[in-house]
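After the structure tokens below, expect a handful of questions from me.
Order of writing sets the chain letters: A, B, C, D and E. Residues in each chain are counted from 1.
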Amino acid sequence: MFTLLVALLIFSVVNYFISKASWRVGSIINALIGSYLIFQVFTIPKGTEVTIGKFLGETLALQWTNAGFYFSFVSLLVIVAVMFFAIKWLDSQKHPAAFNMFILMVTAGSLGVFMAKDLITLYIFWEIAVLSSMLIIPMGKKESRKAAVVYAVMSAVGTYMFLYGAFMIYSRYGTFSMPEIAKNLANDPSTSFKVAVVLLIAAAGIAKSGIFPLHTWLRIAHGNAPDAFSAVLSGQLVKLGSYVLMISVAVFPSLKIFANLKLYSGVPAPNYFLIALGAASIIIGTLMAIKQDDMKMLIAYSSVANGGYILVGIGTMDPLGFEGGVLHVFNHALAAAVIFMAFASVVYRTHTKKISELGGLIHKMPITYIAYLFAIISLAGIPPMSGFISKWMIYQALVRKGMFITAAIAFFGSIGSFLYVFRPLAGVFLGQLPRKYKDVKEVPPIMWIPMLVLVAISFVMGVWPFPILQPIENMRADFGIAPSFKIADAQNWLVRGFSGSWNPVIVFNLFITGFIVAYILYTLFPKPKKVDLLKPHKEEGAPINIYTSGEFIYTPELYHYNTKFYAGFERMYEKHPSWEKLLYMLAKFFHDVGEWIHGWFFRPSPSAYTFWLAMTILIIFWVRW
Amino acid sequence: MVFWISAILIGIGVYGLLTQKNLFKQLISLSIIDTAVNIFIIAVGYVDNGKAPIYSKAVPKFMEGAFVDPLPQALVLTAIVIGVGVLALGASLLVKVKEKHSSIDVENMKGVGE
Amino acid sequence: MTAVYKAILNLVIAFFFVISLEGIARKITARIQRRIGPPWYQNFIDIFKALSKHPFSNGWIFDFGVLMALGGAIATAAIIPMGSTFWTPFPNTDNFFVIMYLFAVGSLGMAMGMVGSGSPWSAIGVSRALTQMLGYELPYLVVMSSVMYMYKTSSIHLLIEKQATNGWNLYVMPIGAIVAFISLIGMLGKKPFDIAVAPAEIASGPMAELSGKYMGLLQIMHAFSIFVEVGLFVDLFLGGGSLGWFLVKFIVVWVLATLISSVLPRFRIEQMLKFYWGVPLGLAFLNALFVLLGWTF
Amino acid sequence: MKERTMWEQIADSLRSRSLWMLHYCTGCGAMELPPTMTARFDMERFGVAPMATPRQADIMLITGYLNTKTLRRVIYTYEQMADPKYVIGFGSCTINGGIYFDSYSTINRLDYYIPVDVYIAGCMPRPEAILEAFNYLMEKIRKGEADGWKRYKENYEWYKQNQIRSLGEVYVHDEFHE
Amino acid sequence: MMVLLIVLPLIFAFLAAIKKSFSYPLLVTSTVVNVIIVLLLKTSVPSVHVLGGWKPPFGINLVLDDASYYAVLIANIVFFLVALFKETVGKYSTVLMVMLAAVNGFVLTGDLFNSFVFLEILTATGVILASKRENYYNAFKYLVLGSLAGSMYLLATIFTYTQVGSLNMAHASYFAISEKAIVVITILYLVGLGVEAKLFPLNGWVSGVYGGNDLSPLVMATAVSFAALYMMGRLFLTVFGGYALHILYVLALITIVAGELAALYQKNLLKTLAYSSIAQAGIVLAAISKSTEKMVSLAYFHLTNDVIAKFVLFLVATFLVYNYKNLNGVFKKHKVLGTAFTISSMSLIGFPLFAGFQSKLRMLMEMFKTSDYLFPAVLLFATVIELTYLVRWNVKLWFEDIEDESEVKGPALRATISIILAILLVGIFLAPNIILNPTTKVAKALLDSTSYINNVIASSMGGM
């Protein structure tokens, strides 16, 4: 495993030079390597352990666990799809060679994180992933430079809190190895220490997966990163955060650790705190996503909300909730990746990501549209896509636990997700095609095939979820969360909740039946006359042929509703307090302190220097005597 | 007594550095501090009624307390040299400062913003 | 196989029963307004007339949207238990959340197809409809969670069975039932909450471009939706009952909703949201609190 | 008249029982519609209901006079209605221009431009007359005689010619419409 | 032989003063010879050289132990590297030679007053270097602060003399000093050395001097800084046996925060780096003040990494600043320099794969072992801020759209040296022991004052 990672890292540099010669070759090689890696993750036997080396007397090691397998697999699905996508997409980019290098580094870093057995290895690979992704982000448009900095800082805040926590653990138990830490924590009498440590470890996940206090980087980073890379950011890198959150509540068995700290219906207080943060992210992500005009930022906020779902699910430590949260990782990864790739396709053709400048692209890019449509069905959690299964599990868990407020927030986020995913659907793909895009074409197959493949996977897993549920069940058994309780019942085709179940196959069949019945009805009755919505584009002087109150309209984009889509609702919270502004104020505060220090101590004349020298002497004497 | 003088001189120097707007006056203040330190050093080596540390008729052989300590005097010589060097360096710099910033008054200097 | 027959019966009842009820509702409204009103079968005529016309299609997504809407509604209507375990077509799949989300397929299909027609009126209407969904679903789902929490199951036929021993939820948790009923009116898109269609302002909103059979199919879909929505309320709060009783309760709920809606004017969209997130949501949480504390009848 | 199939007969009888009306109100005639709709006369008992969009409407009720500006809209809207569709000319303005007959811009005969199935004479016609017209139209539909929409298709060239002669061209392009 | 390290550059400097045109070749020669001498001296560690036959404590002695050897090695290599850049050195060859002598003397000397003299020479030459590119006012500020600090240093030395009766460090270390006196002495030394060691709030000169021209940061931020921080360890650990370290600790923590915040505010690349080097000095000082063998060793390990990284950063930054008006996207034209810059800054932040990671992480671990929770918190906070501005600069230099269209020919030597040093940083990550082993010896030498005294005393016992 370690050789694999090192080979990836080294090859990423080699690939830079290959890509310098011909970036297309480089990207094809990347895609092939990625495909090979997917194959590879299935072949590594579970429980394999590899020692990397020693660091300050502590052994660093990799371990292949069920959780690592699951997360690696999901990550690789997303990354490989993007790699294939990039083969063509990269010709719109300025730095293809560097992109090829860094995306391979991201892969290596992420896999390393999922394979890590101890916190320091995790940290090292984590930073590799952060560093390389941080260097891809500024390849985008103007705003992306700032985005990279914000991303780096937020990530660093979380990471260093993680590091602090890791060292606190080390100073107490003398080990970094996660299984041992789990054992030690379970027997530790000091509650405050355990709470502090778990929350500090979770901080990295909070920052990375965009949970409430540290969520603001998602908007700017996902919104401005190179378009296809946003798919990796949202679909994969954010999941590193979910992984760490899972470590902090599940690998360190919070139910055992905080057995005396159960707050409400068996949920320990620190978990409850995390759940509260997750709930806050759901609210913020949903509300902010609803009002975005920039489609990438919209989905960025949706990633905040979905990160919240994952955290809420995992945080309950209920078998259903945990499994739902972990499954939501898969669903959101695929959905977000497809959505961002679809947007990348749109931007690739139209060069804008403002919803208010787009419209009617379904006439020109139907395949992209289909991919987007199924992705949002999954994201909104509507059967028969797999997104529903995870949401269902999370709801079941919340209802069973009687966590009504959290449940209400989750419902709010879920219904809100209809609103925000529909906004790009209506604004970008449906409606009237602006005249300037009349010569836009569908993207080439190498770009849409990856999207459709991901969508197909999500669809199949929605109808027959047991292959993806099985690894999660294994994972749950590893963590000892009610291992006797079986959720996925493949024999009876059932997904079981608490005394209530459902059969995804029946639901799918019903849906298909309904569709067929509807289609039969449809064909029975008179054939429709086609209204050509593109007539004004084709024929000079033809008005659009839809209901216009008898008015003649020749400019289709005037008759397209995509600005302030939910104006009535947005108006209700337009004067909301902005956390982002608050964080900027904090940054400004540090900046001002810097200015103050600079102005008082560093800039002035010799007199001031003398003054400070004298003051130092005097103060020290005063303190000493 | 001499200690006090040197302390007062240091005070004067520091006061000058703190209050003077003219860079050359600051340099002079610096020089005053230097001198004060030198006086202090000399004072440290002084022994009441001590003679110059040379074997002479008065003090033909080494006697405790008869000589003033010769080492501080040696040190002071070096320190003075260094002080002069610094003073010269500072003064030459000030010439250049005057050329570049058209003044050696802190408040009137041009182009030293930031 | 019986499951299939039961599902077909569901659909047949949904079709004939609900469309008649819609006609009756028109009649009731007319009587309240001191009119004679159309005959009770007027809606059948309307639907078949619409189906017989020569429609316009605004592109394939328009067709697909309508099909998806109807398909989703049919699928959902097929799952709904009609008052008892016996009349539950799929006892393993009648999970509340499954129904709610399967139901959303229809809404999404409709929204997509209608916006796909290219008319801004439709888009505005859909935006309102979705916002409205945000309004009524929240208190409804909270109440439903407390019901499910109380009986420790989310399977609807089990909830009906539990009510048979425990008494109707209408009595057990009256506050919850009231909130659910208020939400039901919003769900049905009846009068105070029909801003989404508002014919006078936005040319009947989402339906602005629907002609002929599209309109007809959508009316059928609407009928199935009503069956699902009212059926769920009857199952969960009025204790279901045998098939006959189920239909009687269905009529009662429907008539009550019609009576209320026919005397009320229309809410603006943010008024609607403020209304739902005010008292009903508060009551829903209160109900949840009562359930937690065990203060149920 | 062609023999209708059974399905067409059923469809026609259904159509006659469910007339959705798009009313084009330019003038004073609109005043007569509220009483027609509300409790006093209640047109809904005949299955007639107002509709907001031409796509769903069966009848186009043109209340009042038309001029060259509004006729374009009427034609445009009429063409957006789904077949079968019927036109009722309401009031003498649609028949001969009414009291504005000699204006330079008034349209005197509506049926030159779109086929009218029923005219209601009078200035103003009372709600009773309107209901009578509906009933008459229903009867015509039931018999399969209300075939204005077919005539429009068959004589499309002729109608277009008339339209262009009076209007120049049906679709206008000027600074207000871009 | 070790006296040659001081004498040779001085002689060469005099020669250069006589014949100006030879000055640059003389500089190169002297640095090369010095490096060779240092390498040859490896075998004679530890040893004490007694000047002019005056045995300690009466005469001046030069002490070459593990600590001073390492400092001399670094300093001379830095001077050698700087001497390679003919254009940058310009007319300042002579000054550099004097400075080299001063640095070597400052590090090697075993005599307090002698160290004062070298410190003053160091300041004076530093001022001259700082005045390059008409940076007179900043140089003057440095002069005032430097000589003021020199006076404090001198005062402290004299106080020591009154207490110990000798100026020899070994003696000062050997004899107990009265409680009252040692407070005064250590505080005056703290202030005196603090200026050179960039201790807050005595470090006002740094930005002006480092940010003023293209030569002074290269030397001052690396060699001189290293020498000063070495002296800090020597005085406070060896000579005064760990006295006043808590004051140093507090001041160092403030230095870290203040330096980073000022750097965050700063818009000028060179000054940003200058403030960053203040913060790094703070980290080193804080680590020194823990006075355990591991921490001190890590302090110098970190300092070494910082010196390498800063050397590369300043090497690249000075080139950019003085060749382009607008720095946006400038690395697109100089990819190698850019890579070196990025690697060095990442190392400074402490990303894995680079040397800074090793030192920072080890330091954190060590701090936690001694259950000091404040320093790690400050260190991590500082790292976040450091990361902010360094990433900001990297992004700006790599990715912003180019505004200054002028094309300066890529400097091959600069690129080679910077990339080699950058690769060295990666190498240090992979094999940290190449630095850690020597720094562990440094720490041992600094902390073990008994053997230091024994060394010096032994030299006085034996004959010449």
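The definition used in the following text is that a residue touches a chain if its C-beta (ideal position, glycine included) is under 8 Å from a C-beta of that chain, and two chains touch if they have at least 3 such contacts.
Given the structure is predicted, the values throughout are model-derived calculations rather than measurements.
S.K.: Go through the assembly and pull out the chains touching chain A as well as chain E.
M.R.: Under the touch definition, chain A and chain E have B as mutual neighbours.
S.K.: When the mean CA coordinate of each chain is compared with the mean CA coordinate of the whole protein, which chain is closest?
M.R.: A
S.K.: As a test of understanding: of all chains, whose mean C-alpha position lies farthest from that of chain A?
M.R.: Most distant chain from chain A: B.
S.K.: Between A-B and C-D, name the chain pair that shares the greater number of C-beta pairs in contact.
M.R.: Counting C-beta pairs in contact, C-D comes out ahead.
S.K.: With centres defined as the mean of C-alpha atoms, identify the chain lying farthest from chain C.
M.R.: B
S.K.: Determine the centre-to-centre distance between chain A and chain C, using the mean Cα coordinates as centres, and give it in whole Å.
M.R.: Here chain A and chain C have centroids separated by 34 Å.
S.K.: Please work out the Cα centroid separation of chain D and chain E, and write it as a whole number of Å.
M.R.: Here the centre of chain E sits 95 Å away from the centre of chain D.
S.K.: Taking each chain's centre as its mean C-alpha position, how far apart are chain B and chain E in Å?
M.R.: 28
S.K.: By residue number and range, which residues of chain A touch two or more other chains?
M.R.: Residue numbers touching two or more other chains: 546-547, 603, 605-606, 610.
S.K.: Which residues belonging to chain E are in contact with no fewer than two other chains?
M.R.: 140, 144, 148
S.K.: Two-or-more-chain contact residues of chain C, please, as numbers and ranges.
M.R.: 52-56, 121, 203, 208-209, 212
S.K.: Can you give me every chain pair that touches, using the contact definition above?
M.R.: The complete list of chain pairs in contact reads A-B, A-C, A-D, A-E, B-E, C-D.
S.K.: Quick check: in the complex, which residue numbers of chain C touch chain A?
M.R.: Against chain A, chain C makes touches at 7, 51-59, 61, 63, 66-68, 70-75, 78-79, 90, 92-93, 95-98, 101-102, 104-105, 107-108, 111-112, 115-121, 123-124, 126-128, 130-131, 133-134, 137-138, 141-142, 145-146, 148-149, 152-155, 158, 203, 208-209, 212-214, 216-217, 220, 268-270, 273-274, 281, 284-285, 288, 292.
S.K.: Over in the complex, which chain A residues touch chain E? Could you list them?
M.R.: Its residues touching chain E are 55-56, 120, 123-125, 127-128, 131, 134, 138-139, 142, 144-145, 148-149, 152-153, 156-157, 160-161, 163-164, 167-168, 170-171, 590-595, 597-598, 601-606, 608-610, 612-613, 615-617, 620-621, 623-625.
S.K.: Once bound in the complex, which stretches of chain A touch chain C?
M.R.: Those in contact with chain C are residues 360, 362-363, 369, 373, 377, 380-383, 388, 391-392, 395-396, 398-400, 402, 404-405, 407-408, 411-412, 415-416, 418-419, 422, 425-426, 430-432, 492, 494, 497-503, 506-507, 510-519, 521-522, 524-531, 533, 544, 546-547, 549, 556, 559-562, 565-566, 568-569, 571-572.
S.K.: Show me the residue ranges of chain A that touch chain D in the complex, using the header's touch definition.
M.R.: 541-543, 545-547, 550-555
S.K.: Give the list of chain A residues in touch with chain B in this complex.
M.R.: Per the stated touch rule, the residues are 603, 605-607, 610-611, 614.
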